[in-house]
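Can you keep this structure in mind? I'll have questions shortly.
We call the chains A, B and C, going by the order they appear; numbering starts again at 1 in every chain.
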Amino acid sequence: MSLLEIQSVSVSFGGLMALKRVSFALEEGEIVGLIGPNGAGKTTLFNCLSAFQPASEGHLRYSGIALETLSPHQVAALGVARTFQTSRIFRRMTVLEHLLVGRHLHQRTGLWAAIARPAWVAREEAEARECGLRTLALFEDRLLPRLHDFADTLSYANRRRLEIARALVAEPRLLLLDEPTAGMNPHESAGIVQLIKKIRDLGITVLLIEHDMKVIMGVSDRIVVLDHGEKIAEGLPEEIRRNEEVLRAYMGRRYGRA
Amino acid sequence: MLVPQLINGLTQGSLYALIAIGFVIIFGTMNLVTFAHGEVYMAGAFVGAFAMSLWHLPWFVALVMGMAAAWVLGFLIEKVAFRPLRTAGHMPPLLITIGLSIILKDLAVVLFGAENRPVPSIYEQTVRLAGVQVSVLQLVILGLAGTLFLVLRLVIQGTKIGRAMRATAQDHEAASAMGVNVNRVFSIAFALASCLGGAAGVMIGIYYNAVYPTMGGTAGLKGFAACIFGGLTSIPGAILGGIIIGVVENLTVQFLASGYRDVVAFLVMVIVLVLRPQGLLGRKLKTV
Amino acid sequence: MPLYDFVPRRDNWYVWLPVLAALLLFPLLVRSEYILSIAVYAGIYIILTSSLNITNGYTGLFSFGHAAFYGIGAYTAAILATRLGLSFWLTLPLAGVVAGIFGAAIALPTLRLTGIFLALVTIGFQEITFLVTLNWIGLTRGPMGIPAIPPPAIGGVALSGNLGYYYLILALDVIVLGLLSRIVTSRVGRAFVAIREDELAAQSAGIPTFRMKILSFVIATFFAGIAGAFFAHHARFVSADSFRLDETFAILTMLIVGGMGSLVGPVLGAVLLVVLPEASRFLAEYRGVVYGLILIGVILFRPEGLAGVPGIIQARGALSRVDKPSGAGEPVG
């Protein structure tokens, strides 16, 4: 059984089809790149997967569980974490607090435990902190020295890293990354490529939206191409690189018709 | 008994509608809510009351003076509360107008006393229309409200400033790029809205023969409820909302208990906001 | 360390010892019944502002109906004490529970709304509560209010002067602030702040945002009810006028002046704005004007208040349902 099966999913916004019968599957442990020109429906697909956007038709199966009827926090509880295209950080929380929020699903302190503070609450917090620090170590010295800084004081690239870290501390099985290198310089992007490989080595399946072809070709095991809401190609990076239809979609229709 | 209550409701409702339109004009052009509108209405009512009781001026002069005072007050409020915070979101201007409303109410109490001030009666006679006794004053109020609705429509549809207001309502930046002085539009829209509130204040003072400093609180909220009914952006919706609230209130007095009449407006407001935040006639608002 | 970061924690609790000692000694230095009564009121408002801070400050939900829940608590205590003869020690928690139930009942249908629309619904609820209190004469005695509420008794001895009330409210404040501090420094409090900062990101971190928002509302209204019960047994008389929209605005002003989103802020705001009008006869007469001017000044020049977390009022989460930078529509006649 595939980890994630997307079966003929369509999304329409008031008659406008953002996704048209898109189908593909993700196997456990893969890194799959999702590419396509602007407006191809990549982020819409992410929003469907994380239950922010209901699918008009089709099915989404995550390790056999239907995602369509769940709400976003329930999808997260199944082990699907995501980042957003425009960084959605908690501006007035520190780096450490982001990681603790990221551990939310692995903790169980409710109102009464928060008030009574039995011993396990302190253990749980210490564990979350440990896990947060371990996760930050993946980013080398980018975030660790800024543990108690407020997120809105971080650089743009660090905010993106923080978002990934927040998703990772939840120990997801599937990680959805929406343009993680947007706004980064080539050196920083290369760091993200290394990071994504490390994430896979942790046993996490990654679905990645990316515009930077160098990143996508360098890291993906397979690539799915969307254009105008339709899947136009799927295959190994070399295949996609040579695919006529993909070239047409990227180069614009002029070349296509010629 | 039903028909007179309906006419009472219509009269009051048309005044609520005047207040409600003020909220619509302000929300429509600036996308902000003011909380000081009730106090502007109260200020207009006091000016009108003084004009009639102290200076013995005829009611229509009092009306013009009340509207003028409200215009000036509205102009100033826009300058103080809204202009410095145009990009700060909805909450800071709302909070500032809450502050202003507390100040204005308290000042009125300190300056004029907390008690009711009498306003001379006018047009106390009644006429028979289609077999029903109607007070002339109610007809005057209805006629006046109708005239103001028409004038407003003409201003918005047919004048340069009306066109500028409509353009601004669509898109601030586009309007500004097309050469509309957006700041001026905001000033005038706020003043115009306040002026209608002032008119309602003067007329309500005459209708009930009394004005008092706290009159603005409930009236402002009722006007707001009426404008919610129309979805915050529709003038016809606000007029309809005002009239419905006025009529249902008077029916409540007739069939239930007079103490619960004011509940109607707030119940309407809560129910409409919960069930249909875009109002009954308003466009569907874009949600986050 | 910025003032808003000043949270009583296990590692810094001793910092608060001198403050507590000073507060314990305070009545021995000032033996004035009048000053003590002001201190008692400040104590009540500390509970009100600190609880409102949970929704408005930490969770970023703008509730404008706090005085209604304060009133519900006060009336619950008054009715239970005068009709059923329950003691203060029973009416206090029950008032909190009843106010919290009302809070949940209001929150369930309305928390889909955010920002300004939530503010307006809570204002509507505030007015409805006032009018029902005024008109449901069988339950509330309407405009006559409920007199002769018995004072709290400690060990069989009823409190008489403000000295007893002072120590009682001091103890209550310490307990309430202790509870609130434990809540906001826990996983629950982090979830509240995450919702305030970015609701979508909070959801995708697995936080059930709707349930947490309800919880936040219930906590805030529960403590408002507690404050109401204390008020009822202290004033020994309740009437609907004490819990009108003006009262909500007074509490809100204290919270904003003190600063939202921190534990210290609401305490500072409550003390400052209760004490300030008492400083002179002039200020007392113009109390509303003073409050209004201070509120406007703070919003214009220091929106984070004395010790609040900056940017909550202007936060994206605090914006309205209409998340659109320009005009909302066309005012067409």
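Operating definition for what follows: a residue touches a chain if its C-beta (ideal position, glycine included) is under 8 Å from a C-beta of that chain, and two chains touch if they have at least 3 such contacts.
As the structure is a prediction and not an experimental result, all values here were calculated from the model.
With centres taken as mean CA coordinates, the chain nearest to the overall protein centre is C. Counting contacting C-beta pairs between every two chains, the top pair is B-C. If you average the CA atoms of chain B and of chain C, the two centres end up 31 Å from each other. Chain centres here are Cα means. That of chain A falls 50 Å from that of chain B.
Chain centres here are Cα averages; for chain A and chain C they lie 40 Å apart. Listed in rising order, the residues of chain A touching chain C in the complex are 50, 52, 71-73, 76-77, 81-82, 84, 88-93, 97, 100-102, 104-105, 107, 109-111, 113-115, 117, 121, 124, 163, 166-167, 170. Looking at the complex, you find that chain B touches chain C at residues 24-25, 27-31, 33, 80-81, 84-85, 88-92, 94-96, 98-103, 105-107, 109-110, 149, 152-154, 156-157, 165-166, 168-174, 217-218, 221, 224-225, 228, 232-236, 257, 259-260, 262-263, 266-267, 269-270, 273-274, 277, 282-283, 285-288.
For chain C in complex with chain A, the residues that touch the partner chain are 179, 182-183, 186-191, 193-194, 197-198, 200-209, 215, 219, 261, 309-312. Considering their complex, residues 62, 109-110, 112-117, 119-121, 123-125, 127-128, 131-132, 134-135, 142, 245-246, 249, 252-253, 256, 285-289, 291-293, 295-296, 299-300, 303, 313-316, 318-333 of chain C touch chain B.
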